[in-house]
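What follows is a pair of complexes built around subunit A, which joins subunit B in one and subunit C in the other.
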Partner chain A sequence: MNNDFLLLMPMLLVGIGGIGLMIASTYESITHERMAISGMGLFGVAFLFQLGNTVAHPTIPYEQVFNGMLVVSDFTRASGMIILGCGLATCMSAYTYFKQNPFCTSEFYSLIAFSACGMLLLTMAQELISVFIALEIMSLAIYILVGYNRQSQTATEAVLKYLMLGAFAGAFFTMGAALIYGGAGSTKFTEISASISANGYAGNAALIGGSFLVIVAFLFKVAAFPFHAWVTDVYEGASTPITGFMATALKTAVFAVFANFLVLNNGLHEGWINGLFYISILTMFVGNLVAIGQESLKRMLAASGIVHSGYLLIALVAINTEQFTGGVIAYYLAAYSVGTLGIFAALSYLGGEDEKRMNFADFKGLAKVRPYSAAAITIFLLSMAGIPPTAGFMGKFYIITSAISAGQIALAVFGIISSILSMWYYLRLIVNMYFHDAVDTFETDTCHKMAPVCTMVLALCVFAIGLYPIII
Partner chain B sequence: MVHLAKKSIKKGALDIMFADWLFILFTVCAVLGAAGLVSFRHPMNSAMSFVVTLISLAGLYALLSAKLIFATQLIVYAGAIMSLIIFIIMFLNIQNEDLPVEEGRLKNMTIGAVLIAPIGLFLMKVVKQIPGSDTVVVDPNFGGVKEVGQLLFSKWLLPFEIVSILLLVALVGAVVLAGKRGINK
Partner chain C sequence: MENSATYLMYIPLFPLLGAVIIGLMHVFTCKRPIFEKFYGIIACIGPILSFVLALRVFFNLKGMPEEGRYLIQKAFTWFQVGDLDVAMGFLADPLSSLMLLFVTFIGSLIHIYSIGYMGGEKNYAKFFAYLNLFLGSMLVLVLGDSPVVMFVGWEGVGLCSYLLISFYTTETENVIAGNKAFIVNRIGDLGFVLGMSFLFWAIGAHGFDYMALKANAHHLAPGVALTVCLLLFVGATGKSAQIPLYVWLPDAMAGPTPVSALIHAATMVTAGVYMVARFSFIYAHVPVAGSIVAWVGILTALLAAIFGMFQDDIKKVLAYSTVSQLGYMFAGVGVAAYSAGIFHVFTHAFFKALLFLGAGAVIYAMHHQQNIWKMGGLKKKMPITYYTMVIGALALAGCPFFSGFFSKDEILFMALANGHWGIWLVGVAVAGMTAYYTFRMIFVVFHGEPRDQHAYDHAHEAPLVMTLPLIILAVGALFAGYLNLPAIFGGDQEVTHWLAPVVVEHHPHVSKFVELLAMCASIVAFIIGIRLAWQRFGKGAEEPTFSGFTEFAYHKFYVDELYDSVFVQPYKRIGGAIRNAIEPNVTDAPIKLVSQLYMMVGQAFKVFQVGFVRVYAIYMIVGLSVMSLILSFSLN
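Showing the complex of A and B:
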């Protein structure tokens, strides 16, 4: 009983902390700097609790009370740690970002906490209605955070596009859940699995249609082909720390629930292997095409996020439903999150007032003026491109070996080709930073070191995560 | 005796037929209302058309003997929320000349219909194959406040509780997006 409480502690902490921050934001005397520091404390403590939890085998906390709708496993623990770490880094970079872009109100941090709470629920939920509500908690908070800057037209455009398309995805999910209920007689993952084992999957049209619609909703949320068109506009419109949060924490949560849904039964997974095979290849290559044409860094990173979704889809194709640990997916998500968050933390302080530096050309000669920042960005880019000994290399290595051991040689080959293509736009920024003379002085508000510190810590994390499997 | 039994069977069959007709009536109204919602040009007409959908849905719930849901659907959705929306539209006093000019409306609608048609056909095929179940006479208390409450607080406690966070997020969001512009408070 006690252990159950500890397992849910991170989620409860973040949820209650979000309510606390919301109440605190009504006081005039509480500045947004203090809120940022409390947000960091909240995520830090929740992260430590999540780190301290040990889950040897999947456990169902409060099985009687919650009717077995939440399941905690090593996979959910790892994805929860990634989400909480992302929250911490986002609070740190937002602290510095809002020094140069003054549109913050103190509710900002409570919304981040609420969305993290929704994400943690999403990773653990094993029932379609709970999944839907958790998905909406997360998305609603993110919509508001995207549109936070009401002065900016791009932010308004972004929030409108995201809200409309997100509502569509939500509607698809509900329709899918209803059809699955029609086909299997339950919305709980265990009972759907039992129904598939008893009656088969291939002959049940309602189950096929329902899982199709549910998967469409997930593919939309992770910006996989053909539901990727929104991602560049939305990432560009959102403020930099929020773009980083969306690109990492949201993706982690959705991939966690996607994996949980696919592994609920072997029949379901087998039915979707072919579809996911083509989607992952198209996602990787379309993402690369979109990324190569971009001039804005945020748009390039958005498009590279599409490519990374493609790699994660390879991992989903290759998962073993019988002995699912999610290790490969969680490791890749951690590696990808550290790299992406690092770049967005660096952009948060290098972007300057009103995000004036956002294009490739704006970063010419950064290495001459700010060598440490340039070195950190280089580490992140190399990690995302998959150069050893960074975390990104190990992540891709695991994904490709898992694809080969699952017999998906073609996918492994396409993954390697796509990773070589992606060097083009990662190296382009490195070339801009190192092999050009500086035109800009890159002056920033120097008395707030929070985002630079976050960037350096994340740069160390890239190596720490990269070397972790070798040392252990 | 035999005669009576025959009569009651006939009556039962008639009842089922009647329920079927009601079902068809409500579904057609619900779909027409939804179509009106998206195709009317003036927001007021769209809102009124949406009321039709909500009331038809309430009718469908009543056919399923879900008393409480039927009542809340009427009171909360058709009553409270829709009248609020209509009040807001009336406050804004939208005239025809305030509405944006939509060019190529028919073309867009046709393209949309063509694109959606395969999905619609697919869904029809799916819905046809949903395994049916025997109709049973439900308990007279089915769908009452007590029964729904017990189910909600025992089996469905988790979704019920986390909806509160969802509502809280929506509330904070409304304050943030529509409230006074605070700058780095």
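Showing the complex of A and C:
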């Protein structure tokens, strides 16, 4: 088999598998439970394939694939594994979730597969048009998934907002791509880089404007300030497993391409250090401010996602374009994904019918009734807050040390302050769970253990990744 | 290397491993109890194995040339910061091997005894886990090759002491006693840490284990050396219950009796003496520090002996006698008679452990009655306990040819020989008082008529598992003294010679006549003490009432109350003031203000999240515009 295809195999598997699932869903005899299992199998196989690929073929960084349109490096592979893992966990959560929220149709899982396919393509894209196509493949599927509950007003509202604002961002991106093409004469990253090296970056207005618009589009997708406003409403409206999927897999994919774009040339990265510096600080603090005021857990998690984007922006500021490995970013993404997915998996089964439990107040006294679930949620929250020995702590630690070694002491300090502030809303849920008497009985459909199992596995992962940071 | 040994680390490791295993077993079986002797037997394995290894260490050392008599093992690098490179290292030299031998030997015996004594108690397994943990920590303390490793053991034994004093947690008093011991020990530990830090600051740059320190000790400036000595001695006063920190030890008798025997008589409390002997290479250069140590020691001996004469709790009598004997040991190491001090540690471990275990057997027989005025006439009921305890008492009182006599006399003689005649005089007086209160206890408990007929009728001899250790220890109490027989009796002071390569001491030549005279003085004091005790208590006596000085002494000179009103209460009041006045107003207020401010801004930001998509779009456009403005300005 051609080496190029081997490297792309996980993406192809997921894409073809998605089509297969779509065809299978036309048969009425196939229930959505079986589809969920097939979805898990698909993601599991793709994940193992990616893992095997990484272990068996330790490639040189930036091996060009498909004539330089795509690239495969350890960073893209790690991102790909995170995305596939997210897909697997989402299928598991969804399995239990749809036992209590019966609006599922079988196509749900094929849409997850399609969006994952787009995300995988996005991580590897090395050419502006490929990036755009990947973004759209991913986004189209996500739009449908967000509005999947057609009976729900909030879901419909969410998809409307996301679609409209997403269209905005898409327009910026296209405009930016056009300007870059005008400035550099190519859409391939390598050739843009060569052009910048030859002619310089600072004086080229088309390049500056183009990269500005492209970066704005990325900032929109990762919900960085000032393009974060949509995120709370959309996350609240989407069904819980999908919110988890968006918060983790989508962010991973966009940050991967964001990092790949920034490192394509040193001049480009340096030109953006100042801008990203302020954006990352504002993103962290605005995210915290938004999160503090929330009553709904999903909105709080959405806002905390903004803060985590801020941290990742620190890592982007601090990357060294000469020796980029992406280890810090990939590790943080993995740590963040495990924590966030874990909470959403727990919410998927604890939320109950029609997501009746979604506010801070609804979880009072959870620890007394369901101690294991409460402990797992506490682990995830502590990981997100960055308490040792969890994965979140190590992630923050790496980001802050990378900022310091890049000379960005101020960013490191702001990062630490922000992480202290974030304790407010993470600990608030812990306090609610442990220091109040239970008013709710927290009955759930207990015969489907898929989401609880997923939660417990992820809770173990928090420690496993935290104690053995293998990805770096 | 011929001086390296790979088995040293196993000596503390066996009991520590036992502690872990029993602890885990306790956790998993506390709901479904298993046969309880099982825990005890497992607990005994570790100490016995350690004892065997200690013997091996001893004979290995014996086979070496005198000057190079040490074994060393660097198990692993523990941490490394700047100049400080601390290995988890173990050092066995003549000093530590002597300590090793009796710690593991007596430790094993007390483990065996505890199988009987603790029978039927709640948390049986927990007790043995703690006891094993204690022994492991004590062995780390003894074997540590640097002050830092020693400190690990030092803290470990402190923790175990606390846990075991408060072992019967159902009574508040026990918990308070445990707290008291722990807090008082912490004050001492502060001294130890400060002393250690000073030492490192002064000469630590060329290695911080004992070998390197000893080699560099002559670089110490006299002032620094004095400071280090005194700070380390503060640590020793805490752990070894000397003035002014002795107050915790009598209260520590709240723990089970085997604990009192092992921790609060035989081993842990002697750690301070061991430490001073360990640092003899510094103390030897600072005679002033030595004198302070010696005087504090002998005054403690005097004070505790006075208190001991008026106690009515059998364990309290023994506790004060321990404090008093520790005072002797410090007097010994203070006058630079390190081998004499350590030898007294060695003999004391035997007879004091024996006395405590005997007292434990009595308490066991009397159903946890500890007041000696409720006992009497037990000689007939408990013959083995009686005879073994009498041997212990004779050794403690310094009866000629018992172990305590040789060691105590050696200390007093060395004090006299080095010109500290004041210490010698007090020491002789204390010897008389020791004989008095020891035999007061023996006579009241075992002679005369029963004072509580009911309890007497139910009293019985302890089981073999308890009497066997008594007998073994009695043999030790009888003959341990002959290991260091002075020349005057035809001996050649083997212990002194054994320790000679490690401790820095010199033996002044004093005429045989003075030595004999000193010995006679001690013997006379002993005879007077025991005769007075016989006159007052030999034929049975009623519980005395105290008045005047005796009442003052009965209440221990109100030292506890004094400490309470001078230190504890003001400290509590300061703490209360900080909590009630400073904390809410000075430190909390700004923090609360910040958090409230933040919350207000958070609420304000919520306003932007109105939910209208048009607002979000405008938001984006405004943000984009501002960003492009900044960008275009930055380009110009």
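Criterion: the second predicted complex is superposed on the first by the 455 of 472 C-alpha atoms of A that agree within 3 Å, B and C clash if a C-alpha of one lies under 4 Å from a C-alpha of the other, contacts with A are read in each partner's own complex, and residues count from 1 in each chain.
We take it that a residue touches a chain if its C-beta (ideal position, glycine included) is under 8 Å from a C-beta of that chain, and two chains touch if they have at least 3 such contacts.
Fair warning: this is a prediction, and the values are worked out from it, not measured in the lab.
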**Asked** Overlaying the two complexes on subunit A, which is it for subunit B and subunit C: clash or fit?
**Response** fit
**Request:** Tell me which partner A:230 touches in the superposition: subunit B (first), subunit C (second), both or neither.
**Result:** second
**Request:** Please state, to the nearest 10 degrees, the angle that the Cα centres of subunit B and subunit C subtend at the Cα centre of subunit A after superposition.
**Result:** 160
**Prompt:** Touching A:45 in the superposition: subunit B (first), subunit C (second), both, neither?
**Reply:** neither
**Asked** So, does A:208 touch the first partner subunit B, the second partner subunit C, both, or neither?
**Response** both
**Message:** In the overlaid three-chain picture, which partner chain does A:164 touch, first (subunit B) or second (subunit C), both, or neither?
**Reply:** second
**Request:** Could you look at A:65 and tell me whether it touches subunit B, subunit C, both or neither (first, second, both, neither)?
**Result:** first
**Asked** Where does A:289 make contact in the superposed view: on subunit B (first), on subunit C (second), on both, or on neither?
**Response** second
**Item:** Touch count on subunit A, higher of subunit B and subunit C
**Value:** B
**Message:** Tell me the contact category for A:106 with respect to subunit B and subunit C: first, second, both or neither.
**Reply:** first
**Request:** Using the superposition on chain A described above, determine whether A:404 touches subunit B (first), subunit C (second), both, or neither.
**Result:** neither
**Asked** First (subunit B), second (subunit C), both or neither: which does A:457 touch?
**Response** neither
**Prompt:** In Å, how small is the closest CA gap from subunit B to subunit C once the two complexes are overlaid?
**Reply:** 5
**Prompt:** Where on subunit A do the contacts from subunit B and from subunit C line up?
**Reply:** 205, 208
**Request:** Over in the complex, which subunit A residues touch subunit C? Could you list them?
**Result:** 157, 160-161, 164-165, 168, 172, 202, 205, 208, 212, 216, 220, 225-227, 229-230, 232-233, 274-275, 286, 288-294, 421, 424
**Fill in**
The subunit C residues in contact with subunit A across the complex are 595, 598-599, 601-603, 605-606, 608-609, 611, 613, 615-617, 619-620, 622-624, 626-628, 630-631, 634-635
**Fill in**
subunit A partner, complex, touching residues on subunit B are 122-123, 125-131, 154-159, 162-163, 165-166, 168-170, 172-173, 175-177, 181-185
**Message:** Residue numbers of subunit A touching subunit B in their complex, please.
**Reply:** 15, 18-19, 22, 28, 31-32, 65-67, 69-70, 98, 102-107, 110-111, 114-115, 117-118, 121, 127, 129-130, 133-134, 136-137, 140-141, 143-144, 147-148, 150, 175, 179, 182-183, 204-206, 208-210
